[in-house]
Amino acid sequence: MNYHWNWRIFWEPAPNGTGTYLDMLLSGLVLTIETALCAWIIALAFGAVVGVLRTLLSKAASWFGFAYVEFFRNMPLLVQLFLWFFVLPEILPPSWGLWLKQIPNAPFYTAAIGVGLFMSARVAEQTRAGINSLPRGQKLAATALGLTTAQAYRYVLLPMAFRIILPPLTSEFLSTIKNTSVAITIGLIELTGEARAMQEFSFQVFEAFTAATVLYLLINIVVVTAMRFLERGLAVPGYISGK
Amino acid sequence: MKQLRVMGLALAAVFCAGQANAEELTGTLKNIKETGAITIGYRDSSIPFSYLDDNQKPIGFAIDICYKIVDALKKELKLDKLEVKLNPVTSSTRIPLLANGTIDLECGSTTNNPERLKQVAFTNTHFLTATRFVSKKSSKLNSIDDLKGKSVASSSGTTNIKQLTEANAARNLGINIIPAKEHAESFLMVETDRAVATVLDDILLASFVAGSKDPDAYVISTDAFSKPEPYGIMLRKDDPAFKKVVDAATAALYQSAEGQKLYDKWFMQKIPPKGLNLNAPISAELKHEFAKPSDSPDPDSYKAM
Amino acid sequence: MFASFDFDVIRRSLGYLFFDGMTFTLTLTGLAALGGLICGTLIALMRLSGFKLLGRIAGLYVDLMRSLPLVLVIFWFYFLVPYIGQWLTGSSRPIRVGAFTSSLVTFIMFEAAYFSEIMRAGIQSISKGQPAAAQALGLTYSQTMRYVVLPQAFRNMLPVLLTQTIVLFQDTSLVYVLSIPDFLGAASKVAQRDGRLVEMYLFAAVVYFAISCMASFGVRRLQTRIAFVH
């Protein structure tokens, strides 16, 4: 095989002066985690709201929720990121567009918002499934007790729905982490991007990608374990709350 | 069983004797002869070395040189037909694709330097160019230090982005470096004001400025990140037989009058697709190198005479 | 606001976009779905077979593919496939593969993990009575699978499989990272060459949206038609 292996490359200094190649990869890892967390917060916030909207009796709310979910689910994430990053600044008034383009960390914010909204559609679907899987009696009992719709959702329905959908939400969070890698196309140099940069500067293709693979696997293990603890902590005794 | 083994050895001996008479082809030459095809890597937008015209066909100075190499290979291997397959590459995929066998020759605007020579080989130099930056005249950026704290683009996988990264660290400029996938994208960043400047080889910058919607709005810096460095056509390392044929072909081309005509065709005349004329006369160093072709990675070895 | 946009660039490049780009995308989607389904079914069978070692290997493969971002897997296979080819065929140098072949291998291997989970759920949802009856009738394992279990599993999971195919269709756009000319790549090339980012990206978004929308609508209709009560 005509390939020149060099596993010591990780301890050699990177040309961007910030340390070794390993430091480069680790800074990418940090950026991946930061972007994923921001995106996840946006996804949860918007997704929960839209999911609830879809379960309301009002036709308008239901339709809005449906349109929202269909819009974000039927376009590839990459195309959505391009729309936010390339198209939005051009269709806004020139001064706003220019300001958007000159923000120092534009790829980070665009990626967080883009990935967040993309995932929010999926979180909305999970929330809807969770709420719909509750016995009908819950909502009826809440209304009978005199709670308004908002109070019913806040104190009765949503707490149980979230516990039920915690396992699928875990896999959605992992999806979010993986989806941040798509942002290398808009210039966000997160873990996959740093691995690529390392490959370009040092020509050690396989070493760079192996390191990135190992780091992603580590993230996975950490997240799955943490979520398992969370599930156990939040479990309501006597209820089936996943595995 | 013993008889079988003796027969086997005898047959092997006969075959070996037969082979020793024929040419011992190895490596890429063997592959080309056996498959009857060679794969050339071309670039999307390295005007005028290797780029796509209006019909999405690769054309350019380096592409023409490569076709001449193909002719020489045809003659050397005594083939009636040699099929030329074309494979697109970018600055970041060119070296891995050469190493893993997807392409046999990379015909574009690749800088020949000692670091890359650890992974690949280069044939005789076909151009010399220094790394500069282009910006809009309205930004009033004259020197490299003026880029302090700004957003600057470059193409990933190039020596340009590496030099920019190193200068950024060495001079503590705090530049926000935006990597782009291809040269066209790098220039687009400046056109759309996402970056105040883009760092590329000066001949490529000149081509982009000339072909842009408003050439007068741009200025290429006089400050350079590097000395004029050589471009070479890339081939695989550890393949001396193939390199010999390629070197001979390129040397013959550069030394002949045809080489001069080829240079004029791409640098002194109108080129497709928009018919612009780069008007870049051959530099003294390059003229000297054409007379005495060299594949040296050392910029200092290219003198005007 | 839209005055300075030149939507004519879309009309001029329609041929290139659809004949080169969209055919690449659709061919890749179709072949990868087929290949992924076949490999995925095999992996599912490996996991459900009695052999612990096979099950573990299959399980590890699925976990690995599901933990990695598709972009990283695309990079891996693009550079790795020629070496794999060399190792498989025992040739003296890496096998030359084109962009399409390498993308196809990537997507088959990646989607196989997801299809295998779907098929595994499908196979497990078949009541135990079916394979038991097949065995009573004297059918071998492979005959049971081929004539009794898999057809039913496939029919049950068809909507989910088709939804995964729609996801695959959208995921093919990621070959953009290697400048491979699929539909989005073609749109992008035209956009950068002519400086018309807004028009081309909006058009690409509309096309992807239209195709995915129609496909999901079709799947929903199919779901109501083939649903039957056990």
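So that you can tell them apart, the chains are marked A, B and C in the order they are listed, and the count of residues begins at 1 in each.
Keep in mind that, in the parts below, a contact is a pair of C-beta atoms (placed from the backbone, for glycine too) under 8 Å apart; a residue touches a chain by one contact, two chains touch by 3 or more.
Treat the numbers as computed from the prediction; the structure is a model and nothing was measured.
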item	value
Chain closest to the middle, measuring from C-alpha centroids that were averaged per chain	C
Chain located farthest away, centre of chain A as origin (C-alpha)	B
Rounded Å distance, chain A centre to chain C centre (Cα mean)	22
Mean-CA-position distance for chain B and chain A (Å)	40
Separation of mean Cα positions, chain C and chain B [Å, integer]	36
Contacts with 2+ other chains: residues of chain A	2-3, 90, 185, 196, 205
In chain B, residues with contacts to at least two other chains	96, 181, 192
Of all residues in chain C, the ones touching two or more other chains	79-80, 83, 86, 93-94, 177, 197
Residue ranges of chain A in contact with chain B within the complex	2-4, 15-18, 90, 98, 101-102, 104, 106, 185, 187, 189, 196-197, 199-201, 203, 205
Interface residues, chain C side, partner chain A - complex	1-2, 64, 67-72, 75-76, 79-80, 83, 86, 93-94, 170-171, 173-174, 176-177, 184, 197-198, 201-202, 204-205, 208-209, 212-213, 216
Of chain C, residues touching chain B in the complex	16, 20, 78-80, 82-83, 86, 93-99, 177-179, 181, 189, 192-193, 195, 197
Chain B residues touching chain C - in the complex, by the definition given at the top	27, 31, 39, 44-45, 52, 56, 87-88, 90, 93, 96-97, 100-102, 181-182, 184-185, 188, 191-192, 213
Touching residues (chain side chain B, partner chain A) in the complex	92, 95-96, 99, 116, 118-119, 151, 156-157, 162, 165-166, 168-170, 176, 178-181, 192-194, 236-238
